[in-house]
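Look for chain A in each of the two complexes below; its partner is chain B in the first and chain C in the second.
Here is the complex of A and B:
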């Protein structure tokens, strides 16, 4: 096969405005707050932005990206976060070390994932309803195990030094949670775009019938997706508890909608509108800048969601150019 | 405003539409006289669908003019086009199954607006009844659910919806694809009535015999350009075919296998014994030898489609047994069927056959992912090489292997769907309506490909409603009639007329009574 020559696949040389909308929005938001919000562009604030506003949400959003990539959604990430947090703190309070506590936390999150995997892959319930069920069940589990939803603290004298390090320490010149995001992002990016599993998940997300007819083990792929999603979301629960040395009931809920939002606005960065790691991270960054900046400007806390909502809609409007498909 | 009688009802001039590097329409033209039935033909990829979308206001032309009754118009949206009296009826835009006939007719139809803001049900119902009676000489229960109607009845609802908007031009896209021959006659009658009422009809079809029968004039598109417009009664299907392809094509069907391959010496690859599935079919027994192409046909609802599903593991047989190369075979899923080297090219190409938003490369390797990812990570170089090899081997018309399959014509999409199985390798290939929506030249290529698959020692089963296809392509044929095999014969001893008789009446010797029995069989 030497005499055949193929035209080179066109590289994406021109990036259409629709795909640049989200990065542009991030740049604009950044510039706006740098000018109008005192102290926004200072390193201390930017670090706080990355650690407090960006990193934890980014981890949940990366997990959500996996679910959406496979054509589903996971509403129970909040449950995975809370269960991880609860098990982590309970293990520490019972006198276990940090490593066993982390394992306990991930195992608890993984349990939520296994429930989802069973409902979706074995019973064939749609992901939206299955994970909604798990979310409700998780709510009850927390109430039942914490006397109606009381916080659980690691006794002050028992807080291991590794906790503040996990939450706020530096490793390789980066805050630990931010480093965790980068490592996870790299792993998930490889998983989605280079691995066999990623290809199977993509096919399932685009055309479930095609996946079935092509002999892809759809149940196995879905089960893996939802267990992975729960485990990754659980990491956020552990960071959350490490920060305050406590379990606060139902604190996972705040991440749910933001993670969904970031994942979907992130799809605007892909030519085929597929969920992707870069888009999700930029989406999270966008939400983080908005909430941090509005706070600095002194907007009432209650107005923040309004600002974020308008910004999301504007961003989607700019990018909602018609996808052109012949035929 | 009064336009002179020789002003075309619809006139498209110099229409250009590009999708990235692909020029779907390259100064295409179409001129349709008032009150005529005008055929529009061309191979897949000739630009028919794009032209339709522009007429429907779904897509905009990059260049060119559209004139309705001599007046230049802008086709900016579907609503605007309907208001101007241009109704485009797409074959694949299905109605919502959960709607009742009445809802399907009146909702999302601009006809509503002509009676003010509120639905005047009684008036609309009356009008709909009148239209259905006038053109189709039938009536439909207004409260029936769309999904409970037959395909032909659904089409009546579909066309009536458009007729209610009072169009001056109606465009029909492949309206007969899913119809039995009697239903085709009914449709033709409706079209003639429309013509008699002064409605101009543009009729798009791959079936050239229909085109020459129903149309006054025919326009041929090739590679996005206007090739010719001819009088339908002064042309032949052969002439039209050569206009479409730009060359005289040889025989559509490749020569059958020589007699010795069909003799009893070749090992049996697949056998069914007393196979049945619920009410769909029963008592189905046959052997399939290596190197053989078996055609399976029947009317819609006769159970022959369900046989394909059972062999591919989509449904489980409720009685009887199957054997592959002598070993028991009862797949519970397509995955198990594939593990036994049984592959299916489905009828529903665009949702189950190819990944439209996946690249050609990703499609080709989709069923062999493990081979291309020995350590879990995809080896893109190997994938690319494989995809290129198939582009060359199957003569797939694609600029490169990274193109999205949505950008290929139907015939080339089908080749990609087949390449996926060739890449994986199977011993028994099932093809469900392999040439549906594919133009003549594409069909011939698919047929040659299937024949060469068989010649390599594979067994092939073609499930098709196209009797000419079965008769021309297959070595042997099974005709289903009401869930049973009505005819099992070598195609050397049959004609497509006999196949039709067997499908309709259950016996090849009975003259096809195109009335009652066909209707019953189709519903059974």
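Here is the complex of A and C:
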């Protein structure tokens, strides 16, 4: 557990460019597409951007933020997403209501979290390798349960009206997934900054040995972190399935790298370079604007992907500009 | 608050590592691992007549050569960067690097360019990505995980632009050579190529001054610096080697498949698994060239044996994962955290 991911010299905070790079990049990207992409700045598109490009990734990235905050990483968020989606759809297809199905989905995601918690907190495996193992196992579990990767559908007549509402409906004037992001973000922000658990997790992230020697029950904190991460990632799986009324195997994988990227880009917004909720959300917003905007601008599909990759790298490069390892 | 840096992490990490544990238990692990490997070979041999045929065994080696050559690159990075997966050495861009190199080679070959141009182009592309990683990590001070994540996106983007996300068939002399068999024993050329590459890597990493310095830099950067080594240059060098392996893997993959493939991302996780699984074959439980080669072959044998025994291939990923976890769990038991 000596993975120190975000620890940087505190003096980095004095360089305003570093901390302002990400919000500036978001503003620039927004302005660029507002000018050059037809229809980008219209409300309909912005809503689609928030629902399709932002919300689901944001939930996964918030989960990732918890893991990175405690000095680790969770590569198995993809497994948690897929297992939640599988259990949710299986329960609906078996005729259960939406509420039991959601509970089933979260329980399945939680199972992945418990495996991680055991590997990391009890066996002492580094989070990177432990969650990599869980990802492998999750892959097999999905292949075995779906005959190699066949999607599972909720029969058309059985689709409860709550599903489209979950995926696209409005509540309090906001799309439900976006509302979920805001609620989760507020809860996690309070958890990380105001609770004892948050402070212990931060200590683990900055100085794992210090945390151990000061008597923090590191195993308990870590176990809680990885179970929470899996549960939160599972919410994405449920939204994903609600949207298409189906479970598509291995669909969680697309979120993994972007969630890690957003979390680490987000650390540049904090003075101490710690992962933080605001930074992560702005990071996700950046990625969402880029992917939505490049689509609208009508670039060749494959150049879009390269463009998105270059934008992310530039942002990473600028934001980590002066954070070199001291010699 | 002085020790909040990534360097500080190394100091912390250096203290409670496994190197201290020279107990009999640790010394027995490589032996036990080899025995387990042998036992599994035996089970496969007893249950399928096909398995032990030289044709089959060498086909497995040829098949594993792509994964293995990438894992050799990652091994060099992990040796030179330390085994801490976040602040230490890691290269996530290897698989994408292979995809990019294969696409570049195939497109050039399709355009009628000779191997004389296409081969260096694939290798140079790999080296360029390695150089990008080295620059981002050593000069800009980015975390390897993050830098190589970025270069992975970049390589995937370039691959898609170059190949338009299609499989491009190639029928070049290189493909005929690498996909063929040697005239003397009739064994696959790729198997020879892998064994030769591993031998060269093992000689350099484990029996040369270069390798010794690399291990010093990865094992204890502060001590290496005090001894007068330019640690930054060594770290940069390890990412260049890794980039080279990505290019080499691209050529192997084109030779094996006869085409550029759009599925290179599948290698990302097995490459990491092979590298860390390989640590169990070394006495100090650290990554070695021989250990990585054995682990990559082991993963290949496992998949092949399952096929011959008619066990669903759906189990393969899960069993690879459990094996890797078992290995890293045994090696991390002595750590305080």
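Criterion: the second predicted complex is superposed on the first by the 304 of 327 C-alpha atoms of A that agree within 3 Å, B and C clash if a C-alpha of one lies under 4 Å from a C-alpha of the other, contacts with A are read in each partner's own complex, and residues count from 1 in each chain.
Throughout what follows, a contact is a pair of C-beta atoms (placed from the backbone, for glycine too) under 8 Å apart; a residue touches a chain by one contact, two chains touch by 3 or more.
Remember, it's a predicted structure, so these values are computed and weren't measured experimentally.
**Student:** Would you sort A:261 into first (chain B), second (chain C), both or neither based on which partner it touches?
**Tutor:** It touches chain C, and chain B stays clear.
**Student:** Taking the superposition as given, does A:190 touch the first partner, chain B, the second, chain C, both, or neither?
**Tutor:** first
**Student:** Using the superposition on chain A described above, determine whether A:200 touches chain B (first), chain C (second), both, or neither.
**Tutor:** Once the two structures are laid over each other on A, A:200 reaches chain B alone.
**Student:** Please determine whether it is chain B or chain C that touches the greater number of chain A residues.
**Tutor:** Larger number of chain A residues touched: C.
**Student:** Could you look at A:217 and tell me whether it touches chain B, chain C, both or neither (first, second, both, neither)?
**Tutor:** First partner only, chain B.
**Student:** Is A:209 touching anything from chain B or chain C once the two structures are fitted on A? First, second, both or neither.
**Tutor:** both
**Student:** Given the touch rule stated above, what does A:140 touch, chain B (first), chain C (second), both, or neither?
**Tutor:** The answer is second: A:140 touches chain C but not chain B.
**Student:** Name the residues of chain A shared by its contacts with chain B and its contacts with chain C.
**Tutor:** 1, 4, 7-10, 206-207, 209, 212, 324-327
**Student:** Provide the residue numbers of chain A that touch chain C in the complex, in ascending order.
**Tutor:** For chain A paired with chain C, touching residues are 1-5, 7-10, 71-73, 119, 123-126, 128-130, 132-137, 139-141, 143-144, 148, 206-209, 212, 218, 257, 260-261, 264, 302-303, 305-310, 312-313, 316-317, 320-321, 323-327.
**Student:** Can you check the complex and tell me which residues of chain C touch chain A?
**Tutor:** 1, 3-9, 12-13, 15-16, 84-87, 90, 136, 139-143, 145-147, 149-154, 156-158, 160-161, 164-165, 225, 232, 269, 272-273, 276, 312, 314-322, 324-325, 328-329, 332-333, 335-337
**Student:** What residues of chain A sit close enough to touch chain B in their complex?
**Tutor:** Those residues of chain A that touch chain B are 1, 4, 6-10, 190, 194-200, 202-203, 206-207, 209-210, 212-217, 272, 274, 324-327.
**Student:** Quick check: in the complex, which residue numbers of chain B touch chain A?
**Tutor:** On the chain B side, the touching residues are 19-22, 24, 49-50, 333-335, 337-339, 344, 346, 348, 351-358, 362, 366-367, 369-370, 372-373, 376-378, 388-389, 391-392, 399-404, 406-407, 409, 420, 424.
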